[in-house]
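The letters A, B, C and D name the chains in turn, as written, and every chain counts its residues from 1.
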């Protein structure tokens, strides 16, 4: 089974998701003459939007590079891809939770939102770990058998990000801002990892 | 007439539909400090979302595999494809009906929602039955004439799913939960059928 | 300039538009136990949705077939395509107007909605007339110079549909239901025209 | 790294963005029998929609032509593309701000909206300036090394548009309508620039 339509389908979902989340970032209610103030007070929405846009954008870059190493796909890879993309679509929901609780600034709601977002990010990292693991085993799916050793090496990145998101989960219980910091660090780490891999390629 | 743009158009619709349904799964209204409780109470929405995401995902896998066996398309196949996709887009509406009535938990509303969803799933299965039937007759549209015997064999899957959805329809009249069970079974059956076909390929 | 990205861009817009209009067709407000009745009363929304889905679907089929005859594009064709697609995106707005006024059933609102929809459909037909006219003149843009005579022949279809939409416009002033009938006839005529062209090809 | 998936991803986002902004342009609230009047009073929404649709459409044409000159992409170009597209998605938000404040017609809100839109348009032009600058330096990414001199020549267009948007920013402080005029002029200038480039090609 060829990969081109799987890629097109996945690309479609990534590009739709990254675009529709801007619709969540809508105009605030305001009294005439105070639009500017109302917009400035939306900074938590903007922060959650930038964070999630970057996250989905980097996930797409990784997905793109991984599938460019795959020459054929099988049923398990298709199902794994659907699960990974299902988790990714939930990012729009967890972004709304985060921005909402950053606006109301209720600590227990904020804690819940950060735990939700971190758990989701952890699951997405685990799905990529499973991608690399499966492709290492079924190396005949790759365009070149030797790539499997590169993929084995790449596994350190989702593993490290799993650790960061686990730290976010645990630290949130004690201090929500520490949790948020680790969550942002985890997403920044994906960007750093992509940069490192791209440089060495 | 070539199939690449039909595929691109269909892929586009499948990927948009599977992404926009997450927008239905929006943040609940809640009082400060009770976000977590409000989110947990949204489990019917989450259930209906996971069910419909899986359904559309599997439909796409079938659509993908079927069109990869087609080398040329004609006017009737285009129209049949538009009808099948039209029915598929209505899944977002029937998902909303199901999740709404699972939240309010009114039995007669729930019954209506399950009947609506089952009828729609039945119609979609019938459209795939017609796809296989038409391609069996017009085997010159296939990349390889011998595939038509495989397609004839594949017809048992939509036929079986039609029966399951019919059972869902009938049993709902007596017990909504039995109806819901058959509906879920029908969608799980699509996943099982895809797995069986992929394994034997 | 090659046509593949223009086609991909246009296909993207057609498939998004045909999918997002289902979001307009949302769950009605209802009192518990009366969901079925509330859904049945939504038939005008369903009618407007089916009509617009079919219209956009057929427009895509025409757009698809026209661009498969084009081997290169120029600045004017790109701009003409953007204008034609801009008009097509407004169909979601005119669909909302139509379904809204079919629900409230106010005659003067219904008249306005039918005039709006008919004017839009007329403009879209004019844009296809201009497509065929421009491609007849610049036949070096076509994959085969002889196609220009086929395109000249095809012009009778948008011309006829312009007449039908003009009839819809005029008759609406006297009787809104006559206007609606002509509007529906115009869209059915596109389907009939596509069928005729596909059969003779 | 090949450019085809980056193009597909970008095209996807452009086509989704240009389609979903029509959803902002929704039916006004009205009393029965006054739909027509309510729609006519929506002209500011229509104006902002046409302006933004044209802007995104022309941006896509530029993006399309630029990427058709690129044969390979690297990490920095990918990141630059994500930033440029991120800014472009914010156009839906700034369109809402503009149309909202054109409806309420509050001068200080209108001023803020025009400043927001102009700043965004300025940033997008700067991102294209950086595109051309980077591709001039890394000319081995281009399909043909000599194109870099054309790209250097093309830089005058985003530079000029930066100046126009700067004028919009400054003049808005004194007179909002002058600011709006320069903003519209900036977007019209993109269309003029595309036409000039297409003619000379």
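The working rule: a contact is a pair of C-beta atoms (placed from the backbone, for glycine too) under 8 Å apart; a residue touches a chain by one contact, two chains touch by 3 or more.
Given the structure is predicted, the values throughout are model-derived calculations rather than measurements.
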Angle of rotation relating chain B to chain C [CA atoms, steps of 5 degrees]: 90
Identity of the chain that, by mean CA position, is farthest from chain C: A
Same or different contact residues where chain D meets its copy chain C, judged by the half mark: different
Approximate Å spacing (C-alpha centroids) for the pair chain A, chain B: 27
Approximate Å spacing (C-alpha centroids) for the pair chain A, chain C: 38
Of all residues in chain A, the ones touching two or more other chains: 8, 12, 16, 20, 23
Arrangement of touching chains [line / ring / star / complete / other]: ring
In contact (per the touch rule at the top): chain pairs: A-B, A-D, B-C, C-D
Chain C to chain B touching residues, read off their complex: 7-8, 11-12, 14-16, 18-20, 22-23, 25-27, 30, 32-36, 39, 50, 53-54, 57, 60-61, 64-65, 68, 194-195, 198-199, 201
Chain A to chain B touching residues, read off their complex: 1-2, 5-6, 8-10, 12-13, 16-17, 20, 23, 74-75, 78, 82, 86, 89-90, 92-93, 96-97, 100-101, 104, 106, 108-109, 112-113, 116
